[in-house]
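The two complexes that follow have chain A in common; it is paired with chain B in the first and with chain C in the second.
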Partner chain A sequence: MKVSQIKEKLNLEYVVQSDNEAVSGYASDLLSVVMGKVKPQSVWLTVQTHKNIVAVAKMADISAIVICDGFSPDDDTVEAAQKENIPILKTDKGVFEIAGMLYESGIR
Partner chain B sequence: MRDMSLHILDIAENSVRAQATKVDILIDEGEISSFMIKDNGKGMDEETLKNALNPFYTTKTERKKKIGLGLPLLKQNVELCDGKFRIESVPGKGTSVKWTVNTSHIDSLPVGNIEETVWILMTMYENCDFSFTHRAGKKEISIESRELKEALGTDELNDPKVSMIVKDYIKEQENIINNQEAL
Partner chain C sequence: MTTIELDFEIKHNDFDRAGSASSGLKNTLKQIGYPPDIIKRIVVSSYEAEMNVVVHASDGHLRAVITPDEVHVTVKDNGPGIENVEMAMKEGYSTAPERIRELGFGAGMGLPNIKKNTDELKVESFVPTGTTVDFIVRRSNG
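Up next, the complex of A and B:
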């Protein structure tokens, strides 16, 4: 599924617009754990906003970062994501709810 | 990283890669805990030092993607819990990384399995001597890999038998810090 389709289905807001194919999902806020556990081409749900999330996404071939619970990425995070072409989306909903909606939409 | 011991292992391995022959590690636990890793490696020039905190920078040429998260992740974790982070480096002299954490902050990382970290460092990197000091309140222990090499009569601390002796010794010393007074 395309990240842009997920955005529409889950009513997410683009912070950094870019499109990728996503085949899996993952949720965690501990960056080192994400690096070790996430599958390539995943949508990653987190509340972290630091620039390091973009580096993790790039390293682990993550398709999109969804920042949940109403948090917004730091300015240098947005800048890095634009440069690295990694989509960042945000939502006021919590990680649990977004994970459920993603799962329902067919991302397993 | 799930705890400080993993960060310490990671940063000390940077020292080894920077050709250090001596690395000092200090942990001082309290309400504000402080940590220091100081090496006599090749150090960094101003430009490299600036880049060291950028996650999109690495000196590892074998990496396909130019990402280096060791120091950036540590700095993030330290600042998340109201700590201070400082790195200083002099080309040709060495590098020191120091940080503090407010241990009452709910997100502050625990020290973790420091025995394992010290054991790995002391037994895996034979060309480098490690000095480890751990303070907690009034207790203090200090372990020097140079002294262990002299006492055991070998430089090869990675020899399986020797390595186990080193492991037990580190554990014994750490017990002094962690345990209540023996009854």
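Up next, the complex of A and C:
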């Protein structure tokens, strides 16, 4: 599924707009756990907002970062994601709820 | 393709630049057409080693030697070294301070991730002179 389709389905807000194919998902705020466990082309759910999440997404071939629970990425995070062409989306909903909705929509 | 050698500086505690060495390495590997799954194993490992220098050590260097068959990465810092390398290699072992844990580091999974993703790994450390993390990822399954 396209990140843009996920955005529409789950009513997420684009902070950094870019499109990618996403086939799986992962949720954690511990960066090394994410890098060790996440499958390529995943949507990553987190509440981390600092610039290093862009590097993690880049190294681990993550398709999109979804920042949950109403948090917003730092300005330099947005800048880095634009440069690397990594979509960042945000939502007021919690990680649990977004993960459930993603799972329902076929992202496993 | 001939051999490509890269050398990046790593600055301790500079979270703004953190990851730039691994990012540069990834860009090069992508450009020369290394397979994505191999690239991921290399740069996840180099990022973990790079971040350990940023978080736990001092200034350092990341050097990479890229050949058609393998990538050899050496990450070296100037101290303070690791007391007990065997302990540090264990999943969940971390001495990361609280302010760094708040950023999501400190799960104690960095070195285990490197182990898992590489074909050869050597961690050499001396207190207080420094640590060298040296690994190879081969292009064919090895």
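In this text, the second predicted complex is superposed on the first by the 108 of 108 C-alpha atoms of A that agree within 3 Å, B and C clash if a C-alpha of one lies under 4 Å from a C-alpha of the other, contacts with A are read in each partner's own complex, and residues count from 1 in each chain.
The rule we apply is simple: a contact is a pair of C-beta atoms (placed from the backbone, for glycine too) under 8 Å apart; a residue touches a chain by one contact, two chains touch by 3 or more.
Treat the numbers as computed from the prediction; the structure is a model and nothing was measured.
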Overlay on chain A: chain C relative to chain B, clash or fit: clash
Touching partner for A:85 - first (chain B), second (chain C), both, neither: neither
Contacts of A:5 with chain B and chain C, given as first, second, both or neither: neither
Partner chain(s) touched by A:56 [first = chain B, second = chain C, both, neither]: both
Partner chain in contact with A:31 - chain B first, chain C second, else both or neither: both
First (chain B), second (chain C), both or neither touched by A:40: second
Which superposed partner A:17 touches (first chain B, second chain C, both, neither): neither
Chain A: partner with more touched residues, chain B or chain C: C
Where chain A meets both chain C and chain B, residue numbers: 30-33, 35, 50-52, 55-56, 58-59, 84
Sites on chain B touched by chain A in the complex: 1-2, 6, 55-56, 65, 67, 69, 72-73, 76
Footprint of chain B on chain A - complex, ascending: 30-33, 35, 50-52, 54-56, 58-59, 80, 84
Chain A residues touching chain C - in the complex, by the definition given at the top: 29-33, 35-36, 40, 46, 48, 50-53, 55-56, 58-61, 76, 84
Touching residues (chain side chain C, partner chain A) in the complex: 15-16, 18-19, 22-23, 26, 36-37, 40, 43-44, 47-48, 51, 103-110, 112-113, 116
